[in-house]
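Notes follow once the structure below has been shown.
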Amino acid sequence: MPSLTFDRAFLTNLLSTLTDRGRDLLRGLTQSAAPRIADGELAELGQTLLSRRGEATGVALAQALLAGYEVATPEQRLAFLEALAEMFGPESEAIERAIETIRADGMTPAAVSALHDAAEPRRQELIRRLNLAPGGTAALVRMREELLGHVSEHPLLRAVDNDFVHLFVSWFNRGFLVLQRIDWTTPANILEKIIRYEAVHAIQNWDDLRSRLAPPDRRCYGFFHPRLVDEPLIFVEVALTKEIPAAIAPLLDPDRVPIDPQQATTAVFYSISNTQRGLNGISFGNFLIKQVVEDLKRELPNLTTFVTLSPVPGFAAWLARQRADEASPVLDPADKDVLSVLDQPGWTDDPATVDKIKPIMLAAAAFYFLEAKDKRGRVADPVARFHLGNGARLEKLDYLGDTSGKGLKQSYGLMVNYCYDLDDIESNHEAFVEKGIIAASTAVRKALRTRVAGAA
Amino acid sequence: MPSLTFDRAFLTNLLSTLTDRGRDLLRGLTQSAAPRIADGELAELGQTLLSRRGEATGVALAQALLAGYEVATPEQRLAFLEALAEMFGPESEAIERAIETIRADGMTPAAVSALHDAAEPRRQELIRRLNLAPGGTAALVRMREELLGHVSEHPLLRAVDNDFVHLFVSWFNRGFLVLQRIDWTTPANILEKIIRYEAVHAIQNWDDLRSRLAPPDRRCYGFFHPRLVDEPLIFVEVALTKEIPAAIAPLLDPDRVPIDPQQATTAVFYSISNTQRGLNGISFGNFLIKQVVEDLKRELPNLTTFVTLSPVPGFAAWLARQRADEASPVLDPADKDVLSVLDQPGWTDDPATVDKIKPIMLAAAAFYFLEAKDKRGRVADPVARFHLGNGARLEKLDYLGDTSGKGLKQSYGLMVNYCYDLDDIESNHEAFVEKGIIAASTAVRKALRTRVAGAA
Amino acid sequence: MPSLTFDRAFLTNLLSTLTDRGRDLLRGLTQSAAPRIADGELAELGQTLLSRRGEATGVALAQALLAGYEVATPEQRLAFLEALAEMFGPESEAIERAIETIRADGMTPAAVSALHDAAEPRRQELIRRLNLAPGGTAALVRMREELLGHVSEHPLLRAVDNDFVHLFVSWFNRGFLVLQRIDWTTPANILEKIIRYEAVHAIQNWDDLRSRLAPPDRRCYGFFHPRLVDEPLIFVEVALTKEIPAAIAPLLDPDRVPIDPQQATTAVFYSISNTQRGLNGISFGNFLIKQVVEDLKRELPNLTTFVTLSPVPGFAAWLARQRADEASPVLDPADKDVLSVLDQPGWTDDPATVDKIKPIMLAAAAFYFLEAKDKRGRVADPVARFHLGNGARLEKLDYLGDTSGKGLKQSYGLMVNYCYDLDDIESNHEAFVEKGIIAASTAVRKALRTRVAGAA
Amino acid sequence: MPSLTFDRAFLTNLLSTLTDRGRDLLRGLTQSAAPRIADGELAELGQTLLSRRGEATGVALAQALLAGYEVATPEQRLAFLEALAEMFGPESEAIERAIETIRADGMTPAAVSALHDAAEPRRQELIRRLNLAPGGTAALVRMREELLGHVSEHPLLRAVDNDFVHLFVSWFNRGFLVLQRIDWTTPANILEKIIRYEAVHAIQNWDDLRSRLAPPDRRCYGFFHPRLVDEPLIFVEVALTKEIPAAIAPLLDPDRVPIDPQQATTAVFYSISNTQRGLNGISFGNFLIKQVVEDLKRELPNLTTFVTLSPVPGFAAWLARQRADEASPVLDPADKDVLSVLDQPGWTDDPATVDKIKPIMLAAAAFYFLEAKDKRGRVADPVARFHLGNGARLEKLDYLGDTSGKGLKQSYGLMVNYCYDLDDIESNHEAFVEKGIIAASTAVRKALRTRVAGAA
């Protein structure tokens, strides 16, 4: 079969013949051969799609455009995304006219509505129409993933991204998400995605996965969306324990002996992973954790404590800056001297060193969480921002909680527990969002105060 | 338990304590007692909901507002809808500012985006947030149903309705709809809705329903939406036959002998019903019929003909006007004379009369379908508009196809068959939508020509 | 299509061509035409089936025999059942040989095994092979239902029935039964069977059914079997209440206000119905009630009391005999005098009469339950035998608990509550089964003692 | 918690208190501690279980016995199995009495029935009652697996095994088996069993499994049983191809390019594995293949050829015997000379050698399949017996079809294709089972004839 050009003839033919059965044809073409599309074809298809009123033709055209995008070269794809920015923006003349009308007649509902319509970038409607194609939602999520890779070099694409976000927020609203438990009876095609997407503590292989899903004291839950049926959008891994853990290694030990879940008092959220880069910025984690807490409470009434065991991704870099900062508010020269051993590999092997560093690091960590801000004035640590923003409380600092290479590198092994207490979650959340107040346990606050006192 | 005022104290309390568990509390209140809300409370809740940034509090507030709406008096509800029109429109000052910016700096992306945001009625965001409450989508569909009842007397509400439509089109887009077969193994809670919603040929009782669903030569399909799980949004009833039927009674006869579906050549869509008045104007029927045609073809390859057996709701009224119109292009005085018997009950009982009327009525019907227009210049018959707009072809006129009281009243018993031919459906649709060309069989066209010739 | 004789030619043809696709052919023949079989054909098919070693041919022959049975005349069917008794019994000669071997060599395992094989009626193997046909189990259950109708007039068939029971006990053992909740979301094809099979308090129509299944304080559960998927074998209807009920009418009142199931303390089993006459004597009720009690306790921990509200089907007849018995141990002449009003319709309308009869009837009822025996020396009341045999306790006598025509006729309105207390159920059951001890509440025992004292 | 003796006190307690809730207790004991049972306890439990009439107590006792068996030592288990043989056989005295009755009164139905009952080993009823425990069926299948390991050294156990087989044939009859497709969306807990149980061409790991299940031109089907829900009893792996394959390696090649299943003409059954050693001798394969053929034909009407690609496990040993046999009917001295190279590893690497051996080996193979018999006079090859017994036809000999180590060892690389042709399957099966006639293609027969001619 000769390679195929996605040319005008094809397009014309498509328009004249595409019934729904055309899907199969179209799919066949794109799968079994090596079709090509001409430069500019995609944008042209987009224009045609926007100009048609008929729904059925619209679906066929949407399919054709998405199929064409799939087989396009990287350059053609980028060109199409740029066309979205440049050719599918708002309609200037219509805006002008609407403004004139308002100038003339005042802000009548009709005039404002016309203004609103005119100011809406035409690509929003285009994206909506593309979404009607079978598989359209998944294709658009992938398209945005690609778009995000170009934004920093092509700032014009930022506006396109805004429109994607606007629509995705609507299509992926909480009401559409379905919580499902993921365990060892879950279909393999979903489980292989858990292996692939786990972002916090990598899953080595199927045996490792099994040891996280199959034991009676382990749980995993994910949010699914009706249009992306085989894809968990986000998932959380949970360990049921008898106390708040202080380190990750014992939780992941494949040889540990499971406990009876009826005996557990504590649910530990030790890993939360988003899976779709194309859904960046559409947040699900907040809803996920709260619903899992509620479901677990129902299933296991003996559970009284819901905590995370979380990484501290920004700590090592921040501490390095403090050590280099003569005016550090948290480290004095003596501290810095002690901490200089951190630059030597293997410092964790010497118990005396480990003991000496501990109080200094914990005090610094308390400061990092309670006082440090990033350039935009926000709480410095991104994971802390997420959990505090959800209404959790900073509960405990876990010195050397993660001594893996990654753990030592990003936080000198520091981990923390955030506690989700349903009675306080709303007020914590409000206080944090509205006033920036950080909920923290007495122990954490004391680590800060002690240190400041000691430094005095 | 004393009746409860949905007052500020309650609201305050709500805001400070509402976790997700609050749902249960809230549900309890609204179900088991007779809570009341104060005048203006709903709009105030709306303002609060829009002003909050926290997602979780937002869900609780959305629940509270919808629960309050549920228990409000009819007057309070209308007042809330009017508040949506008046208090939750676009922000005039922001529009002014955006226009100023454009005047000063030109149409930069940022300026146009700000303009677009400002011109969006604030109720759109409010409705989006209400949709996040559990059961929110269903509650909003009911709210719009109520809204539609007020629009003609309160024209301001038209703008509110536009926003509902804008959002519903997005939430109920084709991609979210799930086709499901409905048969005698379908859960009873869904079947009772089929009984309730059947709009074309009323279902008398469960035995009648059984006779439409259980026989091997009957099918029924509906579209379902993930957020309205027990509600078919639209459904179609299908009879499998050996020829194109000319009347409805034999299809519904409870004593008929079913045929083997493998022997059937024809699928007859004899009833299509939308179920949610609150989704008026969001069209699903087009997609439904086409997908059912495809599914049936796959299941029963022997099926070659897909037709409707449809009512002609506007025909009797139109014919009455023709009879009264001296300049009628379709009826001459002799015709009118013959037709005068139509005013007498029981005219269908006399075979001679029936025979005499037939050619005149069929010729008038051909004219009605092919030439008559409504005030807006559209094809006169609403059912014809639907099927022709879907790409169907007007296939056959069925004289006295429905001699029930309802049938005689709306169309003097006339029914028609529209034919769905997958090979022509796209081109018919395009021709109809873009140029107003009506696809009709030779037989129907001939009925028109013959008559015109005869009249000459 | 000419009517078809199920003759030898057909049979021969069948044997030579029947692959699994033959099923369709066969099904077609038996459904769409009016095939006949010759006298003796069924028994002959049975012989052939037993003589074949091939599994696949066996399935086809089993299908043919069952299909033939389906279309046979009543006389042919009876003749086949009699053939089962006479021609498919044990093999006498083989028994003789086996006995000879034992006489010669003693009871070696091989000899005893040969004896066992020889003594097994050949119809057992025949029934096992019939069971391999698609739909075989259902067909055999129907066959036994028919068989039971003939047993009293054809005592030879008793042996055939024994073999059916032997096999059914194995195929329908508890391990295969699946408990499923039946509610208003259950498929209609199953619900219509609930209407049809309800044996205790007839269900009038779908509205009545709905009022028993849909309210939040109602439950229904049934046992299903993997080979009879659409048929509940037995089901129980449950009302959730705040106290032990004393009458059936309030439970079935369509206008009653449901209670919140979380508020209920008591689960009332007010109707238990077996559905398959062909499974008579294979008992499921015991397991059903106990599993439902366990499931309800898990779902609603607030439930503390599990009782029935049961009819007393043998009471009226027994009381009539006591009234006629001069030596009645429970009624003295004065009692009989009072009770004479029972013969007059409408006695329940006069409050004074009702009051006067009450103590006499309750004392008689206590005697009936605690002392009366049937001819085989068993507890007289069949429903009592069932529940006491299950380990329940006779809890309360409900005077005029069922004033429907049926209730008055069978028990002068008397109902009773049996209590299922999981802590006592095993010991009650053992005591009843092994020693005939009846578990009864103090109140019931007192009704007996009081009366005896009063009579002295 | 101290280790626990499963002693009389426990047993007594069990009997007096075991309600269904006792299950949990019991399960808890056996899982979380290290309970022990006394010698002889199991047999005693068995006696008690048989002596009880109560169903509920029976279930509890059955659970106790199976739980006790689970924790027993290997010696105790064997002792229990031997007790089944010795203490739970038929009742000699009852047999004597029954024989006496027959001698006296002749073979009345009652007498024969009593004889049958007496001759039935009591362990049959014991096993039936054990089957009522939750998980009983699975436990009994494991028990028989263990039993099979002892039979050769303890011939008395053969009788126990016969009873297991008798009951398993009934419980695992075709009617209860459910065919399910196994693919990459199947739950992982089932897939890991596919990996473990694959007996023909070992599955290396999850990637290998994926390459057999996920591609569009691969299928896998298994039979499941309602009481062993997570266990496929048998499964078959299928490749869809465009021709009958001659070697296994290309089918399993992970890098092969899948074909469109709509293009396939041939379904190749390349692996069939039984999974439960405890179900040895209960045959499912026959039904499985035929049902899969039917299902595939329905799904993919373009499939016209259904063949296996099968190993020849007995060929190498048989050929070795022929080479050593001076009177071999199939190898003459020259042949033997050529074949002597087979003893040298790597003979397949030399094309000339490979060519020279081919005609000799194929002729020998034709003889092996068509003429060779085992000691019991059956077709020599066990795989051939299975497929020919199912009605398949020996279609093609595949020289060097499997050059893996295992393939070379068991058959010098020879594989064969058996063809399942639905039109001939019944008659082939009958001819083979009743008369020993082997269905073989002309090509295979010709390989035999040619050689014989050549040898002459």
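Going by the order they are written in, the chains are A, B, C and D; count residues from 1 in each one.
Keep this in mind: a residue touches a chain if its C-beta (ideal position, glycine included) is under 8 Å from a C-beta of that chain, and two chains touch if they have at least 3 such contacts.
Computed from a predicted model, the values in this text were never measured in an experiment.
With centres computed as the average of Cα coordinates, no chain lies farther from subunit B than D.
Centre-to-centre separation of subunit A and subunit B, using mean CA positions: 38 Å.
Between the Cα centres of subunit A and subunit C there is a gap of 58 Å.
The mean-CA centres of subunit A and subunit D are about 49 angstrom from one another, to the nearest whole unit. In subunit A, there is no position where the chain touches two or more neighbouring chains simultaneously. Under the stated contact rule, the graph of chain-to-chain touches is a ring, a single cycle where every chain has exactly two partners. Touching chain pairs in this entry, ordered by label, are A-B, A-D, B-C, C-D.
Residue ranges of subunit C in contact with subunit B, taken from their complex: 32, 184-189, 191-192, 205-206, 210, 214, 230, 260. In the complex of the two chains, the subunit D residues touching subunit C come out as 15-21, 53-57, 59-60, 89-90, 92, 95, 99, 102, 107, 109, 112-113, 115-116, 119-121, 128, 131-132, 134, 136-137, 156, 159, 162, 167, 170-171, 173-176, 178, 226-227, 283, 286-287, 290-291, 294, 390-391, 422-423, 425-427, 429-430, 433-434.
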